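In the two complexes below, chain A is the common chain; its partner is chain B in one and chain C in the other.
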Partner chain A sequence: MKTRRQFHKLVAATAAGLAAPAILGSKVFAQDKPIRVGASVSLTGPLASTKNGLIGYELWRDDVNAAGGLLGRKVELVMYDDQSSAANVPAIYSKLVDVDACDVLFSPYGANLSAPVMPFIKQRDLFMIGMFGLAGNDVAKHDKFFHSGPWGPNSGRDWARGFFDLAKAQGVKKIAIINADLEFSKNAAKGGAEVAKEYGMEIVFNQSYPPNTSDFSSMIRNINAGDPEAIFIASYPADSTAIIRGVKEIGISDKVKIFGGAMIGPQYGALLSSLGPELNGLVNSHTFVPEPSMQTPAIKGFFDRYTPIAVKQGVDPLGYYIPPFYYVAGQLAAAAIIGSKSVDPAKMAAFLHANSVDTIAGKIAFNEIGDWKERRVLMVQLRGIKGNDLEQFRNPGHQVILDPPSLKTGDLAGPYNKARAS
Partner chain B sequence: MKKSSLLFLAGVIIVLALGFLMPWLLRNPFYFFAGYVVLQYVTIATGWNILGGYAGYINFGAAGFFGAGVYLSAFLFTTFGLPLPLCILASGVFGAILGVLMGYLTLRIQGVYFAIATLGLVVVLETIVHNISGLGGASGMAVYGPRPPAWSPGPSQFNFTVMLVIAVASVALARWVEISWIGRGLRAVRASEDAAECSGVPTLRLKLVACALSGAVLAAAGAPYPFYTSFVEPVTAFSLVIGLNAIAMPLIGGTRTWVGPVIGALLLASVQQIATVTISSELNILFVGAVLIAFVAFAPGGISDLFGRNKGRARS
Partner chain C sequence: MLSIDILLNAIVTGILLGSVYASLALGLGITFGILHIPNIAHPTLVVAGAFFVYTLAQWGFDPIIAAVIGLVPFYLLGVALYAFYSTVFERKGGANVLQSLTLFFGLSLVIEILLSLGFGSELKSVSVSYIGSSLKLGVLTVPYRLLIPALLAPVTIAAVWLYLSRTNSGTAIRAVAHEERALSIAGLNPASVKRHAFGIATATAVIAGAALIMVGPIEPFAGRYQIGRVFAIVVLAGMGSIPGSLVIAIIIGIAEALVSSYLNPSWSPGVAFAILLLGLALRPQGLFGAAR
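For the complex of A and B:
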């Protein structure tokens, strides 16, 4: 009997000993385990120019970890290259969720790459920060999705409204619209046409062109024939360059008061440097420029650290358009985790819906589908550009903010030909 | 029925049974997302090989057929709510018609001229889709697929099973073509088209049949894609990467039999899937290129030919 009792004690002690690490250790392990943040980034393919956003993610991670992590846990980034192809996105996000067990997700760049992941996160009820996907959640309407980009509500139509507000203020009655036959520019032109009609402007010329167009001379002549007072252009970097050079060669009517709008390219260092003074007078959309109304110690500190890394990696040394908002994405996730004291998607989302968050790009509050409550797309006018030195764009006065009024640093200089000549 | 056909049938039954059981045995959805892509490439490589391998007509237009299948399926589902099997069937028929049209226009030219003409098909179709607003144009088209049936645990597992059925059907079709009179005729065309013509082989008719079958399989491979990504846009649907893989996989696996494209696709697509989430995509593309060069230089007959040669040597 004594032997049996001893045997039972031995069994109990052995069982307890074996189970102890699992019982005690698991709790310790869960608290020590890093918070994993997963995303796909376009490191290769046509969208590879957006890869400088990764520096934003990494700087945020380093800052958070240097400050002791989130909820006492370190932050770990899990990144894969989607090769700029929507076909790779579903498998990557399944890997991030089902294999890597990420707690927070950042979307791929832009609307076309983000679209495949929306049904996935809605079906699994996951928390995600969206990266630059215009109207990215307008179809899925997932309540745990939040944009890091400043597009604002109803962005499919309204994100470039600032350009039309400026045109309206100038008394523009006739407008021309041209766009590349690609996703972002096509949406911009469609939304622009709707806003122009709403403002009672006559659209005298509205044409899209194939993505590889390099000669715009006939199109510029046709625009001149329509005699517009404003020209709204939605283009990609190569066409933006060709259009600016085409205007220099062919010339544009003196009646044109405002020119530009949604040209991708003049936000990046490479194009600013190569076109230089030819960009004077252009009014274009942007997300951040180093004007006094936007410069804060926080964002200045971000760029002080971004620039040497970007130079070393051979990516855009200015990095005004994308990288700060990748950092913002991290700040939003951090605020949600700290605010809700958990990594539970529902609690994190509830916190972001109920509270505004201070970021390096300013205070952000969200509507029910995760759009910024207030549109904060900038319309800037490029001015006083001399030569092709890129460093001049780090100084205020060369990318003057015309819209939104809350950040305005100057008035529109026009008409376009006069502003261009200056 | 011949012994080899019986073995093939048994293999088909085992693969299908495993495919239907796997979603219940393997709980992690990631494997089904990755497996879908591998099976998609098995279908594409098999479809391409009917014309490119058996007849020796190098078709660079695989992405065109694939994209056509993607868009037709997405359009039929979102506009008319057609069930998935009908979308796949319609895409197959459309791919066959497109194949005959392409074949009729291009088969009179050979070699590099034929390859360039087929490449043109991709550009033409992509441009057409870009300019049709009903198909979403450049902005793309969101496709929220049907709920998976009760016999499948989730959408990714359902898509995987559907793709498996298409892949198995495609391989069976390719095998039938290979062992039938069509395959014999196509082999004659590949060996010497003039000699085949002089011997009474109806070369143009056979090549048109090959175009139709190849087109049907390639388009059917694209039909479930909108439900896999829930979104289609022309740049990805008509991506030249699809065309590149469609050629590389059969060349690596071997173009003379139905086994070659299957081996090549299983090998290359699996490695690509693993590389995407482990090393880097740049190395992934480099790997495809390096393997392709190595096989063209040292084993032009592909893996199946290497294996066959060794087997032959062992016998002798």
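For the complex of A and C:
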């Protein structure tokens, strides 16, 4: 009998324990539970150079938690390495939602990795902040998806419009377009071709190439044969290097007035320092550069904290391209949660659709599919680069903003061959 | 677009690229072609070689000098790898292909992660005076970035082939894959011969690594993009045909360059496999392999 009494006591104690949160008030329990923010990041694999974005996430989390959390709850990051492989992404996000019970999701980096997760997000009606996926929501048109990147509306077509505006202003009539056979580059080139046609430019060469092409001499010769006045390139870091070096080796027509556009790589410290003066004259897209028109106390404060961490971790010590916008993603999520007083996807999304948000990258307002209402992609021209010292890129004047006009800090120097030699 | 300038330049570029491919395939030609060990980690070892060269280049060494310095450490690395492989598999009754593939796949991942931890994930390149300039010969413009590494391949392949065909230890390496027991009867230790051969194959990885980093920047995972092409070269050349791999690599290089110039660069990755399928259909033992 003693055993039975003990058993009854045990059952009673267990029941009381289980019921306690309900008895004491579910509100108290809920407030203790952290808000979980889930994402995949590319810690390994070919996109591992984007892992410095994680510093942006972590700085945001630390700031929020130091200020008392969101709705009285701490913020917890749940991150997994997607190994830069799109094949890993669906399983990671299923786990983040179904096992880890994340309240907010950030997308993987870029269009290539984000594409596989969009059907899942739409089907499950989840709230997500997109990380650098160009035109990432143009197909799904999910009303609870918001870009942290400044691509602007109709981004598949218009995000690099600044390049074509500059070309048009130079009287360019003939243009060549080349792109890597990957999601982002294909979108960029397709959009670029549409804008070029809209501006009445003849596309004299339009070709894609496989990722990791190491020699572009044949393609550069073919481009020269087309005699273009502008060359729009949508490439990834290794190909960007090969193209820049190929141009130096093979040469390019003196008629080319503007060269670049959508080359991924020259935004990162590693390529800036390895290519150094070879980058002079290039006009390329960017998200942030240390020009006077962009410096604010908020962004300066971010980089004051980012740089020592990046140096310690051995990642890009400049970090201009990606990390601020990972911090911005956190700020957008925080604004949605605080503004809607909820982690309900519909309420958070409704808040972001109805309100603009102040971030370290400025005030952001969204359209119906989560694009920034105003495109704020920069077209910068690299100039006056001497040697391979990375520190020179922290100074204004080496990445001059040509577009958008609201942030402009200089005019296009051209033609390209002259700008290269300067 | 069918100008003679573009055609000639495409052919020369193809020869240079092909020669670089032959460098990448040389070590695999020894381990897979002669020893029949499917070392799919070889392209990753080449990348490790490239990082070795990169490290010495930071101290002012020319990439080729750096590669020569790396020959001994990479030889010893290869010896150690084979010793491990032999201990795990061969001494326990022989390794089947699947086990070997799994081991070398795992090795490849471990090397990638170690490189990633040691060097970070950013692209790494070397700055040498001849990278970025070109040799102009009439209508031909030949980038030194391709020319110098392309010259490494025939030299390395000739040295390896002379060693394999003109020395006793080289003959033992070629013999070990055919008849281990006969080698034992002759008083030689097959495991020791294979260990030596694996060391040589791994030493060639640092030469190929120097070629790779001169052609373009590298990152720890760059070996993955080369696996298919180097296997195609070794198989199509014929298992064990080291000079044949140079010829096949150049054929593939020219075909890729012509496809890039006149059709579409996006089709070029399929060229090696199209040639492989066609070649094997016509000659299953490989174009330079002996019928068995």
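A few remarks follow.
As a working rule, the second predicted complex is superposed on the first by the 398 of 422 C-alpha atoms of A that agree within 3 Å, B and C clash if a C-alpha of one lies under 4 Å from a C-alpha of the other, contacts with A are read in each partner's own complex, and residues count from 1 in each chain.
By definition in this document, a contact is a pair of C-beta atoms (placed from the backbone, for glycine too) under 8 Å apart; a residue touches a chain by one contact, two chains touch by 3 or more.
Predicted, not measured: the structure shown is a model, and the values here were computed from it.
In the superposed model, A:D181 makes contact with both chain B and chain C. Touch criterion not met for A:P292: it reaches neither chain B nor chain C.
Contacts of A:P308 after superposition: neither chain B nor chain C is touched. More residues of chain A lie in contact with C than with the other chain of the pair chain B and chain C. Contact with both chain B and chain C is seen for A:P210 once the two complexes are overlaid on the shared chain.
Of the two partner chains placed by the overlay, only chain C lies in contact with A:A242; chain B stays clear of it.
With both structures placed on the common chain, the touch criterion links A:T44 to chain B and to chain C. Of the two partner chains placed around the shared chain by superposition, chain C is the only one that A:L271 touches, whereas chain B remains out of contact. In the superposition on chain A, A:N388 makes contact with chain C only, while chain B stays out of contact range. The contact surfaces that chain B and chain C form on chain A in the two complexes overlap at residues 44, 46, 181, 210.
On the side of chain A, the complex with chain B involves touching residues 43-44, 46, 80-81, 83, 85-92, 94-95, 98-99, 111-112, 115-116, 118-120, 123, 139, 181-183, 186-187, 210.
Those residues of chain C whose C-beta lies close enough to touch chain A in the complex are 1, 3, 5-6, 9-10, 13, 17, 112-113, 116, 120-125, 127, 131-134, 141, 143-146, 215-217, 219-222, 225, 257, 260-261, 264-266, 268-269.
Within the complex formed with chain A, the chain B residues making contact are 28-30, 33-34, 36-37, 127, 130-131, 137-140, 142, 144-145, 155-156, 225, 228-231, 233, 235-236, 239, 241, 273, 276-277, 280-282, 285.
For chain A in complex with chain C, the residues that touch the partner chain are 44-46, 48-49, 51, 84, 181, 207-215, 217-219, 221-222, 225, 237-238, 241-242, 245-246, 248-251, 265, 268-271, 274, 278, 314-316, 388.
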